[in-house]
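Take a look at the structures listed below.
The two complexes that follow have subunit A in common; it is paired with subunit B in the first and with subunit C in the second.
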Partner chain A sequence: MSSWLDYTINGLIVGNVYALVAVGLALIFGVSRLINFAQGSIYLVGAYIGWVAVVQLHTPLPLTIIFVAVVAALVGLIIERFGLRPLQNSVRIAPLLATIGISFVLDQLVMLTFSPNPRALPSQLPDVRFQVGGGTIGPLDLLIAGVGLSSALLLFVFLRYTKLGWAVRAASQDRDAAMQMGVDVNRVNQTVFGIAAALGGVSGLLVGMYYNQIDTAMSLQATLKGVVAEVVGGAGNVPGAVIGSLLLGLVESYGVAVFGTSYRNLFAFLLLVVVLVLRPNGLFASARQAPPEPLTGTFIAPSRPVRIPRWALAAAVAAFAILPLLPVSFYVLQTLINAWLLGMLALSLTLVAGTIGQVSLGHAALLAIGAYTSALLSLTLYVPVGLAIIAGGLMSAALGTILISPSFRLRGHYVSIATLAIGEIVSLVILNWESVTRGPIGISGIPPLSLFGFDLISPTSVYWFSFAVMVVLALLQARLLGSHLGRSFRAIRDDDIAARAYGLSLNRYKSLAFIFGGFAAGVSGGIAAHLYSYINHETFNTQQSILALTVVILGGLGNVVGAIVGAVALVGLPEIFRVAAEYRILIYGIVLLLLVRFRPQGLLGTI
Partner chain B sequence: MSNINRRTLVKGSLAAAFAGTSLSRAAFADADPILLGVSGPLTGPNAQYGTQWKQGFDLALDEITAAGGINGRKLAYTFEDSQSDPRQSVAIAQKFVSDPKIVLELGDFSSPASMAASPIYQRGGLVQFGFTNSHPDFTKGGDFMWSTSVSQADEQPLLAAYAVKKLGLKKLAVLHLNTDWGRTSRDYFNNAAKEYGAEIVVTEGYIAEERDFRSTLVRVRDANPDGLVLISYYSDGALIARQARQVGLKQVICAASSVYSPKFLELGGDAVEDVHVGTRYFPEDPRPEVQKFIAGFKKKYNGLEPDAFNAYAYDAMNMAAAVVKIGGTDRKAIRDAFTKVKDVPSIIFGTATFDVATRRVKGAMNAELVVRKGQFALWDGKPT
Partner chain C sequence: MAEANTPLLSLRGLTRRFGGLTAVDGMDLDLAKGGLVSIIGPNGAGKTTLFNLVTGLDRPDAGEVRFEGQDITGLSPERLAGGGIARTFQLGRVFGNLSVMDNVLIGAHTRLRAVKPAVPVIGPLLELGLALLRPASVKAEEERLREDVKAILARFGERLLPRIDQPAYSLSYANRRRVEIARALALKPRLLLLDEPTAGMNPSETAEMQALVAELKAEGLTILLIEHKLEMVMRLSDRVIVMDEGMKIAEGPGEEVRNDPKVIEAYLGHGLSGGAEQESAA
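The block that comes next holds the complex of A and B.
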């Protein structure tokens, strides 16, 4: 029995830690309806600024906290002013991509300045421990709880009782109306970003001290857990974010208690999916709150897609088809093979996210399902590779659609968060379901690609194969979009209420989109498995999902040719910047930001 | 902007890619060194290990150059950042394979990235020398895959002997990274420990991003072990040790050699005092190659102590030099040289000779250390 007390206390302690990030995310979401993917990076910056203050400047703790808060707030203001404000009149999906780009840039800057080696960040509090249950808690636990709760309380009071707070709430409810009433929306945004960033920075500092360890990989994890906690509590709801965080901590701790450590994150993400399915606006969203606005639909500014004449497309296909006959190196071919594989994934995502408006952040799961299916079929049942890949596509279509179906009733950002969680769940199931997937050991010795008994081994033949598959999928998808079905998809994206009134069954069409999209992604994963010969649970990770979404937004949502152009660009750019060695991801992030800034509707425009 | 189409974009990128390769070639043209390719993480979540590789490589190269290079030519490497991402490591593999200047490849770091590239190296006939690849199937990729990574079948029984036979622990709790390395290690450790008469009362696998272990440690406490075994890297190992002491676990802690790093002491602080570590070398090791390595490393990096990953990289570069000395610059001859090279001085193995059947090196050195007063010291035989 005493163990349960310990698990409860431990859950609350780690929930405390999540709350610090979640509150900042909730504040920004409340005002700008934006999931700030850069919040984890500000947390990272805060941790390293804190290290400079503690280790180099030897500041006392109160001064350290103030110093970190001020510097982090400045970073937040710079992000708001130069990263997001220029985008406020462009499509609403652009800021999301911008925060991803900003997080690349910030993480890389920290890594280049401080080296990726982890550092110790010594706590400046006296090392006394209080016995609670079977374990102990220290002064830092109390400080973290204090900062989390008091900042949530202060924010609550600020939003409810101060004039600027009213302005923040007015801007969050209806930005245009607030502007008409004379609210300086820019100032509101600045305030919110400043406060959220200061909080993010201080939380990085405190969490770093708590673990006596900071490293540059901590930002993505912080963002992920913060987003889960925030959405569980009700996106944009500051006290809800605190309760959501504590709940998340508890569920994880009990999950460890019952099933063991390797199931921990599985419970975190299952909690999220369950909450979203039962209460789509989070546990603590008030009934009066306006429904979450769709991320796409009215928010995708109807842009005029770039019309590429048929002959030009045909010529481009022909040019790429004869490319291996020209004297190009295998390295270039291999890079393009990667681009075609990513292109298939992007085709799938651009259909799901762009055409029907279900912005998925867990698309790598579809790759993984296809890859594992194809690898296992060909290895254990000796199914010919060509058939196994098709089976992988079908499995991905079926399983993917079933897994995603709970999120069909969700709208806007909530779809993205639910799919993010489903993606993580798939990866964790692969890790833990050892009898089938071989767990962390992974599957090795996967046979190479082959077709009708001929092995496709040389880069040239793999190139032709993957290019042909992608072109066929692209043609099918273009044909689909030109049909009645494509028009129905777009109708659902642009106004689901009108579409329903018109008699369209939303779930049926969403399923159809995921079935087709799942097939394309599964085929891509299957080909990758046979190409790599070894896969494990890390091969298809969250970064791939984020990359796929970046490709799709960059190419233009729903745009078939755009998805492929985006894939070539995002595979090609990091390779081109190889000469820049450690700086290449930084440059990549900056290029991404510039593209979002000057071409927010994507290179080829939304269709 | 609006008239960008696929062709112009790709043409541009291709042109830039060609420009990039020609540029790097020109830079090396005058010195004309023997070039090795390294595929590893310099950015991304594993970036720290790539940085440590570089430190080990550079020190070894300094010594090789000072000793006159390889048959009068300099040895050099070109490091391509893969982020430990299989998509990028396969592209790098094609790049190295198609570049005739590269005579041998080193890396990658993680198994998914390394083993995805193996078929390309195998078909391209370029040796993939994976010196941190402990995955049991890595060298099964083909006769161009060679590894000096300490086989966990070798290392874990040594750790188990330390914990069970020397320290007299009978009920063990095993915490391991839930990766291919951690899982393989855990299985070898558990088997050996059981053979020596200990009982494994609980095993817990955790993912690499995990930072909070308090609930895991409650499970450990409830299983009532008399010792904790950490199959961890130094950063997560330090976290577990700290939190174990915070939740009041006072049991003996033993850790695998991968925690052997000054960072483990820095990150763990007081909590890692008395932690037992089975390692392959230690600072007071009288072997001349170890003394040379440690002194050289401290001199080159301002007093920094080398750690296990530095040592792996240093050894790997020395092994590469020995192989190239025999095999010359022909890729196939280099592959054959791996079968001929004998007794190369090594920090990890004392002297390293490949077992031609497994393409791995057997017989890692063993040192039993304990943390005393914030320093790694040779264990004096006293229980803690």
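The block that comes next holds the complex of A and C.
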């Protein structure tokens, strides 16, 4: 019994921490209908600022908290002013992509400043435990609960009794009406970002103290947990976010109690998917709402795609095909092999995110499914590698589509959240399903690529193989876009309501897009597995999903040639300029930000 | 087979509430095959909500919708489109990044046969395969539909044909409405619902649109029309239904409805209704 009380207390404490992140997300969503993916990065910044304060400046605890809150709030203000305000009149997807870019830049800057190694963050509080009933509670638990409760109270007073608080509430109920009544929406946005960032930063500090350790991987996890809590409580609903956070804390804590620590995140993401499927507006939203407003032409940037003549494409393919015959270094071939693998993933994502408008943030999961299927088939059942890779593609198409199908009824930013969660679930299942996937140890000794009994080991043969596969997939996809399915997918992207009124079933066509795209991604993952000879649950991670998304946006959403050009540009250019690995992610983030701001239709234009 | 006197569309007690507001309140309506009924009423009277209920984009809280005698209440919009119900939207919902040709081809989606074999379970996979392989039957079907689309666009004179390959976002407001109507016609509808087809059009464009709707009616198409321009309503309609605050407040031939004091009150407000009553009595 006593341990159950412990788990409950622990769940509520962790829930309190999530609440600090989720309340910020809810405030921002309320005012700007935006899911701020950079919230976790501010949390990370808060943790490291706290480390500087505690370890280097030796500030007392109250001062540490104030210091962290102020610095984090400043970061929030900068993000709002320079990252998001210029995008106010852009397409709906732009601010979401911008926050993803900002989060990459911030995380990377923290990593470059403080190194990726974990650091100890001492808690500054006496290490004693008090008996409460059958469980125990420490001073830090009380501090977290106190900070959580007092910030909730302060926020309540601010929103209810101050003029600026009224303006925030007015803007979140009806932005246009509030503007017409003279509310300065920019000031409201600033306020909201400042508050959200201060809360997020303090939450990072407290979590660092709670676990006695901080590292740069905290950022994405925090964003994910905050988003889960917020969506469970109902996006934009501040009290809902608090309750959602406590619920999430409890679900995780009990899940860990029953199944073990490695299941913690699995429960969080399953909770999210269940809520999104059953009650997409959150647990506390009214069940039926008025039909949504039209979204025509507002989701992606309208543009005229750049037309590249066929002969030029044929010439480019021929040039890359004969490249290994020329005196080029293995290093160049190696780089291009990576570009072709990324190109296949980008083809898949450009179909799903660009052509049919489902901006997936969990696309690396499709790589993982293909890679594990192909690796396990060839290792345990001795299936020839060529066939195993095709099987990996088919498995990725089938399983990926089934897993992602709960998100088919969602729209806009919710699709991104759901796919992100589904991607995490796949990675966590791989980690925990040891009897099949060998768990955290990963799979080693995967046989090399081979075709009709001949091993493909030399860089030249691997180059030709991966290039040929990519070209075939690209040709197939171009043919698909020219068929009635191409126009049906694009119609669903442009206006799903009008599409349904003309007989297009969203489930059917989103499934077909994911089946086709899943195959391409699965094949890419399969080839990668045989190339790397070792894979584990972290080989195909969210960073790759975001990289693929950057490639797709760089090339132009839905643009087949653009996806490949983007892959070559993002893999090749950093290699040519010998950019150190740790700066690459920073560059990807900056590229994404610049594209969203200055060329949202990408290099070759949206199709 | 439905009897000859069964209306093509009939609504009974159709009701839709949004929280405290009853947007559509116990609507009854009968529309005979080949008929044209107009729905008029002030903004917010519930006309578009009624269209949403008939086309499956929204579900009624009470009441039923019958199409050719069959209960279709609450069916999905996809199925209703397959059954031959086409509509246009008040705010003009074209597919912005699709060309005029592709927009109208989407209208013909429910008529695709060769590329969408009616096979259970694996049907969608066959569709994917056929779209990639494109055997002769699929190509021929696509060609036929493209010719159909050109014939439909020709009904709008030189408005759309020269712009057939332009993306819809580049069209003028009036041309977007025309694309919507062309898209609806491509479905070969048995029932056409037009939601303010002349909104934002100047008098000569309105006259053109009115002539087109009259032509469609003469061809035997059954039409339910929402329109604010009374001149057009009076000329085209067999019957006019007036809605206010979700309820039908008058129904009958155009001239009769036009002089109904309740209608004048709904449009002009209570202050003037007394005078209007005296006028109509005089």
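Criterion: the second predicted complex is superposed on the first by the 505 of 607 C-alpha atoms of A that agree within 3 Å, B and C clash if a C-alpha of one lies under 4 Å from a C-alpha of the other, contacts with A are read in each partner's own complex, and residues count from 1 in each chain.
In this text, contacts are C-beta pairs under 8 Å (C-beta built on N, C-alpha and C of every residue); 3 or more make two chains touch, one makes a residue touch a chain.
On a predicted model such as this, the values are computed, not experimentally measured, just so you know.
Asker: Per the contact definition in the header, classify A:Pro118: touching subunit B only (first), subunit C only (second), both, or neither.
Answerer: So A:Pro118 only meets subunit B here.
Asker: Touching A:Val45 in the superposition: subunit B (first), subunit C (second), both, neither?
Answerer: neither
Asker: When the two structures are overlaid on chain A, which partner does A:Ala170 contact: first (subunit B), second (subunit C), both, or neither?
Answerer: Neither partner.
Asker: Counting only touches as set out at the top, which of subunit B and subunit C does A:Val462 meet: first, second, both, neither?
Answerer: Neither subunit B nor subunit C is touched by A:Val462.
Asker: First (subunit B), second (subunit C), both or neither: which does A:Arg508 touch?
Answerer: second
Asker: Could you tell me if A:Leu480 is touching subunit B, subunit C, both of them or neither one (first, second, both, neither)?
Answerer: second
Asker: As a test of reading the superposition: which chain, subunit B or subunit C, is in touch with more residues of subunit A?
Answerer: B
Asker: Check subunit A for residues that touch subunit B in one structure and subunit C in the other, and list them.
Answerer: Touching subunit B in the first complex and subunit C in the second, no residue of subunit A appears in both lists.
Asker: Write out the stretch or stretches of subunit A touching subunit C in their complex.
Answerer: Spelled out, the residues of subunit A in touch with subunit C are 286, 290-291, 294, 296-297, 300, 302, 304, 476, 479-480, 483-485, 487-488, 490-491, 493-495, 497-505, 508, 511-512, 515-516, 606-607.
Asker: Which positions of subunit C touch subunit A when the two form their complex?
Answerer: Touching subunit A: residues 18-19, 52, 55, 57-58, 76-78, 81-82, 86-87, 89, 91-98, 102-103, 105-107, 109-110, 112, 115, 124-125, 127-128, 131-132, 134, 142, 167, 169, 183, 187 of subunit C.
Asker: For a test of understanding, state which residues of subunit B touch subunit A in their complex under the given definition.
Answerer: 1-7, 9-10, 13-14, 16-17, 20-21, 23-24, 42-45, 47-48, 50-52, 79-81, 83, 85-88, 90-91, 93-95, 97-99, 110-112, 115-116, 118-120, 123, 135, 137, 140-141, 175, 178-180, 182-184, 204-207, 209-216, 218-219, 221-222, 235, 238-239, 242, 246-248, 263, 266-269
Asker: So in the complex, the part of subunit A that touches subunit B is made up of which residues?
Answerer: 3, 6-7, 10-11, 13-14, 17, 108, 111, 115-120, 122, 129, 131, 134-136, 138, 211-213, 215-218, 220-221, 252-253, 256-257, 260-262, 264-265, 306, 308, 312, 315-316, 319-320, 328-335, 338, 341-342, 431, 439-442, 444-445, 448, 457-459, 528, 531-536, 538-539, 543, 561, 564-565, 568-569, 571-576, 578-579, 581-582, 584-585, 598-599, 603
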